[in-house]
Structures are given as C-alpha cells and as structure tokens.
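Note that chain A is present in both complexes that follow, paired respectively with chain B and with chain C.
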Partner chain A sequence: MEKEAIRNELKDIIDPYVMEKELLGNLSDTMELINDLKINSANIVDIVLDIEEKYDIMIDDNSINQMNTVGEAIGVIEAKIAEK
Partner chain B sequence: MSLDQTRVVITGMGVVAPNGTGISNYLHALKNGISGIKYREDLKELKFGCQIAGTPVVTDEYKQELLPELIAKKVENSGVIYGCLAGIEAFKDAGFEIDPERYDPDTGIVFGAGALGLDSFVGEKINMIDNGNTRRLGTWSSTQSMNSGASAYLNQILGFGNRIICNSSACSSGTEAVILGYEYIKSGKAKRMLCGSSEGEGRYIWGAFDALRVLCRDSNDNPTGGSRPLSSSSAGFVPAAGSGALMIESLESAMERGAKIYAEIVGTGLNSGGQRNGGTMTAPNSQAVQACIKSAVNEAGIDPQEIDLVSGHLTSTMADPLEIKNWSEALGRSGCNFPYVNSTKSMIGHSIAGAGSVEIVASLLQMNNGFIHPTINCGEVHPSVENLICAQKISTESRNVEVNTVIKANFGFGDVNSAIVLRKLEV
Partner chain C sequence: MIGIDVVDLKDPTLKPRDRSHLRFISHRNENHNKFPERISDSQVYWIYWAAKEAVYKFHRLEDTFDPKLIEIQIQSVTSGPEVEITFKSEHAIGKVWIDDTKAIAIAYGLKSQPPIWELFDISNSKSSESAVLRELSVQYLSSNHEISVNFLDSKIPTLMDVKSKKTYAASLSHHKRYGAFATILDSGS
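Here is the complex of A and B:
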C-alpha cells in the first residue's frame, strides 16, 4: 500500500483525538502524536485499536512503544501489513 | 442570614425524554399528550413479554451541537450521552457558556443513575472479555461502565470543582439528586449544583423487570396505549430511558447573576420504609410514604390546601391506587378537594433512575407555562382511585391552569422515598 494512502487514512483515524484541528493541516512524519498533536496519552491505546481494526493487523506492545511520531506509526502499519 | 435560611432556586433545565429531546420539544409533547412509547423488534426477538419501550431519539446533529467531538463520536453508553446532553442544556439554559479554561470550585454535580453500566453497549464489551479479547476493550469501557459515568463525563466538559457525586436509589434517584444538591447549597458548601439523573436504554436493564413480571405485556400491538397510570386497566409499567437535569443555586447567586428563576425548592422529604410494616424490597411502607410527603409539606411551611398539582410516581401498576390513598391521607385532601394529579409516565413510560429528574422538568414546564399535562390512556379511572378522589382531578387532555405550587414524589425499590415541593418564587 502506498505510504501516502496510509498517511491519509491515519489522519482520519487520529482526527477525533486531535482537539486543535489546524495541526492536522500540516501533518508531517516528524510530528509526535502526544507532544506535537496534543493527543491525550490514554487515547494512544484507542488509536492502536482503531488501526488494528482498519487494517486487520495486530500491533504488539513493543511496536506501540515505537509509535511516537506519525512517520513511525506509518512504518509500523507498513511492517505489520507486510507480515500478513 | 444564617445558613439554613439560604433559599434555593432552579435556574436551568435540560432533558432527553422518549417524547422529546431538548426542552422545547419536550414541552410541545407534554402539552399535546404525545407518547414516546414505541414497539421494539429487538425485544420481540429476545422473547420479552413486554416488547414496547420509551427510547429517546437523539440525532448525531444534536450530539455534535452540544458535546465535544470526542465524546459525541466515541461514547457509546446511551445513559452517559443522555446525561451529558441534559446536563449541558441545563447549564446553558442557566446562562453559562462552556469554557475549557474555566474551573469553578463553587459548583458541583449530583447525578443519579440506576444501572448505568448495564446499558446495551456493555453486551459487546462482555463478549470481548468472554472471548479472551480483553485487550480490545480500549480505554473507554471503564469510564462508561461506572455508575458515575454521566457525572464524570459531564464534569470533563464543565470543569466544576465542588462535590461531584453519583447517587443511586433506584426509581427515587432523580428526585433524590435534586434534594441532595439542595442540601449542599443550604449547608453553604456550594453555591450552585447541577442535579439530575440518567438511565440508558436497553435489554440488560429492562430484562430483569420483564422477569419480575411488572412490565406491560398486553400492548405490544398498541405501544402508545401501554402506559395507563391510574386507569382501571393498568397492566404494568412500560420500560424507558432518559435523563433530566436542573441547575440549582442559592437565591443570592441567582440574583447576583441576574438569572431567570423557574421555581424555588421550598420543601423536601427523603426517607425509607425500612422494608417493614408492609414495605418490602419492591413495595412501599405506606406509613413512610406519607411521612415523606408530610415532611416535604412541613419543611415548605405551606398549608396542603395551597398545592395545585401532585406529580405522582404513578407507574401504571397495581400500586397506583395505593399511591393515591397515601397522597390523600398525607395531604388531608380527598374527593373534589384533592389537587390535580397527573403522571408523566403515561407518555414516556418509566425511565427508572431517570424518572424523577425528567418528571421534575415536566413540573417546572407546567408551572412556567400555565398548564397541566394530560395523563393519557386514562379514559376509565380505576374504581379504587375514584373512591378516593374526583375523576375530574385527572385529565386525559391538557388544561390551562395556573400552577404555583407542585409536589412531586418518587418511590424506589429498596423501599426508599423522595418528595419535593416546588413553588413560584415570591420575593
């Protein structure tokens, strides 16, 4: 799957959890989910569950810990899709 | 002024009821005797004896208008949603605006719930647990399944810093919540309290009542005719869901803010029959019911003759005639000297813990719009009721009558009682 397509889909998934919508307009791979997008840390678990459902993949705890930035999250999704 | 002389008034109202979501829709439905009871195919498939229920209609647009996006999109528990919607409507109606930066230590919440965690949403969650998939529950399940879910989510939006509690006393919870808030304000520990109650919709809450055989089973093909309080053909209550909320505050606080005032809370009663002397887990001790009503009238310092309207608990069961007997004896009024009496449940069914607050909102609307709403489906009054009070005190049509003083009561499983006297403000 195209990286760009995943980025757009990820944007839709995190949208409800981002209070300051203008941040989504300039979404870049280096942005941190918690520090830059101001997502409540508890909601990272919910985002992971939404991603799992969307792509029918399983994201283990170890991988969750590697998903600090948008780019890292896309990387984990790509890797898990490839493993299917 | 000493603390116990603090006067407490109602300055905001909100509601999510089966026959109307939002105050203006609810007022329209009450005035016109519109029922919110509908047939439920799912209850038929589940082999319920009672296949009709009162379920509020809440559109996505209404949720998005009042709630923060995350709550509107992600909270699945209907009891939490109803409570948040009613609470925010009451808060705004009282003249406040939501401000994410504001922290208000002078305001608190008492929001009652009966079985909030048994809302229909919980079924899917329990299946996940039983199927060994607990990790998929996400972070929202615990906060939505706690009985204090409505008060907790409400306060996430409103940012109050006083007491934030959830009371639970079965069908008495709603009126009890308002009484507890009133007592806090009178104690001087809070200036304002957002009070109400909520009950979600669904099979896990209603199933147990169906098993008790206290639900109406004879009207599956005529849903709006199922709830028949005070009638000779009452055949059990119709299960329902909903939430009502009131912003109450000290008269001083209301005057300072220049808030509009719907009514003053002038008297309250809260007690239990102890499950003695005729009282059981599910039936009231009449002596205690009467003591509760008398306590509210005494605290109000009024003559029972001044009461214009009795807003009954009146669920459409065999207990209705006994309730009228208790009212009549406690107030010392009978025959054609009995006040007007009505049952909001005739139109919306019985929303368990939600009932009291939804019905207090109805009382306030009648006081402020000069009418008494009908008790629908009561064409033929129960003979035992007619032996106690004149049939014309019950009406199947709306009446335009000035209503200055209302007494409202609710009675709950566990033999618990609550009564409240509301009066137009006299300064």
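Here is the complex of A and C:
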C-alpha cells in the first residue's frame, strides 16, 4: 500500500479527533498528533483502535508510543501491514 | 510540583474502554486487581490514565507522555457518590476522583502541602480552552485565596504573585466540558 494512500486514510481516521479542522489542511509528516493537531491525549488510544480496525492489524503495546507524529504513525502502519 | 488531569468521560469520541486496553498504558509492575467489583473496568482504565497524566505533569518535563513508563500503585479506594482513589508513584502521591461523567487526578510531592485545585465547566467558552482556563484560575485564586497572580508566558504553567514576584508551579488540564487547575501556593520560590 502506498504511503500517500495511507496518509489520506490516516487523515480520515484522525479527523473526528481534530477540533480545529483547518489544521488538517496542511497535514505533514512532522506534525505531532497532540502538540500540533491538538488531539486530546486521551484520544490516542481511540486512534490506535481505529487504525487496528481499518487495516486489520495489531498495534503492539510499545508501538503506540512511537506514533507521536503523522509520519511515525504512517511508518507503524506500513510496518504492520508488511508483517501480515 | 503539581500535576492535574481531567477526562470528560461523556466525550462522544472516546470509545468504550475495558481491561484489555490497559495494555496500552500499563507499567510492568502494576497490579490492576486491587479494585472492588463496583468499580467498572472502564473506570479502572480511566483511573490509571488520569493518574499517569497527572504524574507526568507533576514532573514538568517536555518529553512525550508515555504512560507505560509511569508506575502507579493504588493505595486506597473509597466509594461514595463518586469514587476516591489514593495512589503513589515514584516521586509523587495523589488522588483520583471518578464518577460517570469525569475523572480528575492530582499528583503532588510526597512532602508538599496539599494542593489547591478547582474544576470548571468551560463548555460555553468562546475563546481557546487554555486561555479561558488560565483566566478562570486567576479569578479563582483572587476570589477564594485573596492572592493576585498572573501566569508567566511559559509552556509549563507557572504562576507569579503580582506583589511578591514569587513563582508557583501550576498545572492545567482541559477536556471537552471540563477545565481543571491546581497549584501549591506554599512552594513559591
């Protein structure tokens, strides 16, 4: 699956958790989910659960803390898809 | 130092939690079986989450919050209209209060004075939650503790007494309907 396709799907996944929708207009790999997109930290687990369901993958316990940025989240998704 | 966290459990974007979700936030040394049956699995999750966030803020670090690195040991559980939990961590002690609508956790130093804290309803605020919460906190301290303070322009919340220029660690948290603020005034420097 191409990185750009994952980025677009990830954008759809995080959309409900981003209150300031204009932030999604300039989504880049370096943007931090909490500090830049202003997603409440309590929702990070919700995003992980959405990703697991969307891609039918299991995000292992430690990977959640390697998903601080959009790019890192894409990287984890790519790696888990490759493991399937 | 002081840390506070509030979770609006009525936030519609929060998916239901059960004990399986503790895998995302658990420290390897934690025992999650210390709760009486009346505490739901969802509440157990949010008790740990809020306590860990509060301890993270207590440390006043700019590192990314990693709940798995913060060990929480439950000390006591008391039930009433809301459940009160006391806990300890490596360098902090604290309390969590939880009911069906919200979870609030406070962490403070083992030898510190009890914190001053307040919960606000910020659901009708027009400007940013952070700005509203800071304003409400300053008003609260002025009205209830007769101290005039301002927040310093810093990433980690710090109060300064307008007259004495003493500074105090503070902590802020907001989530949907709720905003929470805490400080320990005797710890000024």
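The working rule: the second predicted complex is superposed on the first by the 84 of 84 C-alpha atoms of A that agree within 3 Å, B and C clash if a C-alpha of one lies under 4 Å from a C-alpha of the other, contacts with A are read in each partner's own complex, and residues count from 1 in each chain.
Basically, a residue touches a chain if its C-beta (ideal position, glycine included) is under 8 Å from a C-beta of that chain, and two chains touch if they have at least 3 such contacts.
This one's a predicted model, so the numbers in the text were calculated from it and none came from an experiment.
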A:45 in the overlay: touching chain B, chain C, both, or neither? Say first, second, both or neither. both
In the overlay, work out which of chain B or chain C sits against more residues of chain A. C
Dual-contact residues of chain A (chain B, chain C) 16-17, 42-43, 45-46, 49
If you look only at chain B, which of its residues touch chain A in the complex? 69-70, 73-74, 136, 138-140
Show which residues of chain C lie in contact with chain A when the two form their complex. 7, 11, 13-15, 17, 21, 23-26, 49, 53, 64-66, 68, 175-176
Write out the stretch or stretches of chain A touching chain B in their complex. 16-17, 19, 42-43, 45-46, 49, 52
Once bound in the complex, which stretches of chain A touch chain C? 16-17, 34, 40-43, 45-46, 48-49, 61-62, 64-65, 68
